[in-house]
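If you scroll down you'll find the structure; I have some questions about it.
By written order: A, B, C and D. Residues from 1 in each chain.
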């Protein structure tokens, strides 16, 4: 049997809670034993719009957290921005609704075997998977600092509970409505120059990931980023979600961000070429 | 301004009640003052499937009854068979849901100015508009007898309250699970021969309407029937719902059952040619 | 900033120019009904004032009265529908005597759509239309079977298309513009378009329905009385956008009346950016009797929100070459 | 009751014959993946056993490795989607060395789909495929731009289509059947079909995607990196049914692998009644990773419920002439 999608299963998950937090919805699903296969960085693909919907493709969302509780069994939390018709539909699902999901999908953040100094950088709802990641890193003895940014305060997702797992948390908004005014990438250069961090984990808009990659380029800092490309299938069969990535052989390949990602090595992604194809294509 | 669709309005109607009755759903909508324009025989066209539905056409349903109450204002009742995706969606709408309707549409049953002996014949959910009609006829001093038929008892719709308006009610089912075993058309010949009735009002499957027209042909009995043809628009603009009908000029015309019907003169409809076009078509 | 580039909402409701032209015909707004989806106009008058929209495009009329095709004439399909009406209608004489005067009385702009089975029939229809005053344009629906050539649809045959338009052009003179309505079911749409423009069409209507079929799973035969039918509605919108974009790229100076699956202002804008000078709303009216006027309002507000100074500045805007 | 007529459920799971053939290739079931919608098979193996379906049709492979088109490569449309992948792939050598052996090891039936830019490239690909054992059939995707003729898609040009198939036929010999995959974007599909059959195609695959476009309302330019894309999904099902019905009527003895918007057993049956001997499931797998196997189960049960003694007896049943 193939190794691709090897933990993935399709199931009807029940909405256990759906709460508005700022401009997002925090939605909790009952997914039973599937939580055991979910790792920080993985995502879920959700069927939207109900039975007779004209929307035929699933929508992808990062798994924010999973947990197991006595009363609900395994649960999975998503942080969803009501963006277009599909995500708005999801945000409108009441408690008790059943939703068709495929999970877990994609690569996970690599967890260091030894304690390291980790910087977690999240943009907008990109912070969602970082809190679960912080817990895992913390358990491994890592020092975990977090930077969150967004255009405005209502787009910062930073739950109280989540903050326990981080050593420090700093927030940046472009309009200054929360935390510092400015971009989340601003303090990173100093942190790198001062050799305060060994690895950066990032999740957020492609521009942010690209900017971080530029800062880590030529340094020893490892940059693991969760990319976000439009996906038609989420399971590797359609080839719509590709990114140019430098391979070990020094050649650029168009890799599928759904199965070779979403977590990728930021240093290998050819950011300047995203949305293009490499030279020399027939 | 045109006379076509002249009482029709489009509005969001609230579902006030939705109750299963046998194989049907009795659904009551709040439609306010629009009840004043609704006549027995008119129908309503309903948008189904919600915002992002792949169903782009409205579904037609006969208005079963309208009434005005102090607590709910004007209400409209439909009897809906869960047939395919659209009608099932409608049957699944909970109390409080808002549904986009266009009503009232189409022709109404003609009401005699003098008291007559009327026979009302309903097949399946076709009985729905007949009870409202019975009340109007009764108020005009008519004698109202009713025959209802269906393949099986669960498909007979005959509400308690409705029976008050009729002098007699006889039920026929093909499988004998309710009333007499047999077809609703069986007793009609005798009633006509015995000159017990002046006018037949019918609503139900096309086969039933056609059979009644055959029985009234050559007699003095007027036959007003509510036909049911697949309708794309319900308002006269698409020409999908046509039936061959003999005009006063002795020529056959393909009339739109949504605006020249659903109530038509059964004696004029060219039943043997339904689903065909008249000879001599270019 | 150059003319025709969207700014940032500087244009207001008052200064915004919503008008459009197709050949020498002027319309206050670019939103029209689609032929066959508004009958002769009367039926929609209950839902909005016909004067408020760009024009009523009437159902394609033939020379003689016609019964059309047997029922069933429609089948709903995912985000679309098939129809096989077969051009049922009263014939051109009754139509010009009754339906057109009513529309003109309402002060509605009228585009008459004609359909024929021979090149000769089209010319006859054009001659009759010419004799009536008050018509803004003539839409020539050439997606009809050519009885003189094995029933091959005119619009699928470059030569037959040209001959129809040529005959119409010569009959009607230069008074009212000719809009040739094309079928997307061809290998090379720009070629057909170029042919009819060379033959005298002032504008093009794109697209007619896409040929389709549904098998009824009860009878296990084709569901429609006419077996095949025309697919319309949102399902075909990407085909319409492609067709308009392709033809506008090939013939940038020929105005296009776009249609196909438009059911919101954003859909209409998509067709306009692709190259349509006006947009007809068809199937959407079946699901929503007020669709035409609602779409018009949405388009108006959207154009202003996007910062276009006028409808005209948005036409074909997706083709611009300058770098942002 | 004559053979091939549905009875009333007399056939049970045990006696029902679900098998089909395309040319001389035999398949246990008539449900396949669609080229480009299952990659090379591995990705779906988590969701069902590849041995259980009729065959895996692999993504069209070219002679050389290929990056494909720039992103965005997809746009969702009402009940459909556009794609513009541009045949990204590893090239035939790597494909035959790695992907095909894996599938054969899984005991999956394999149909290899090839795509080229010249008549010569198709022949080269066919020669390479011929050298590998265990392949059930060759699907020749001719909906590709012909670099030798102004990028005109092979499948839109009767002559170029014929030459491709002729070249493949002569290279591959008679061992495995050739399935020519056609585009619906042509004026006369039966003509193209007849041409490729005359040139040696054993079967036809109908339909490839329909050419479409979406304009992005933010950038106000074509949304896809490749500007136009192929429309697939339920939106195009009526076009697929029509294409299959038309071609089966014209060439009743040529087996058809049908596809286009199939997302349930009832959809698959529609295509089979129209004339398909097998059905490929494409876009439906994107929305539902188990779609192929679920559709297969539903079709199986539906055929039995309708009283067909075998899959074969349902093929083209909508064309029957006898009165009921």
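In this section, a contact is a pair of C-beta atoms (placed from the backbone, for glycine too) under 8 Å apart; a residue touches a chain by one contact, two chains touch by 3 or more.
Owing to the predicted nature of the structure, the values given are computational and were not obtained by experimental measurement.
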item: Chains touching both chain C and chain D; value: A, B
item: Comparison of A-C and B-C (more C-beta pairs in contact); value: B-C
item: Chain located farthest away, centre of chain B as origin (C-alpha); value: A
item: Inter-centroid spacing, chain B versus chain A (mean Cα positions, whole Å); value: 56
item: For chain B paired with chain C, centre-to-centre distance based on mean C-alpha positions, whole Å; value: 36
item: Distance between chain centroids, defined by C-alpha means - chain B, chain D (Å); value: 46
item: Junction residues of chain C - those touching two or more other chains; value: 78-80, 233-234
item: Chain B: positions in contact with at least two other chains; value: 54-55
item: Chain-level touch network, classified as line, ring, star, complete or other; value: complete
item: Touching residues on chain D, where the partner in the complex is chain A; value: 36-39, 42-47, 59, 62, 64, 66-74, 76, 78-81, 83, 85-86, 88, 117, 225, 233-234, 263, 283-290
item: Contact footprint of chain B on chain A as seen in their complex; value: 49-55, 85, 89
item: Chain B residues within the chain C interface of the complex; value: 1-2, 4-6, 8, 10, 47, 54-58, 102, 229-230, 232-243, 254, 259, 274-278, 281-282
item: Chain D-facing residues of chain B, complex; value: 54
item: Of all residues in chain D, those that touch chain B in their complex; value: 78-79, 234
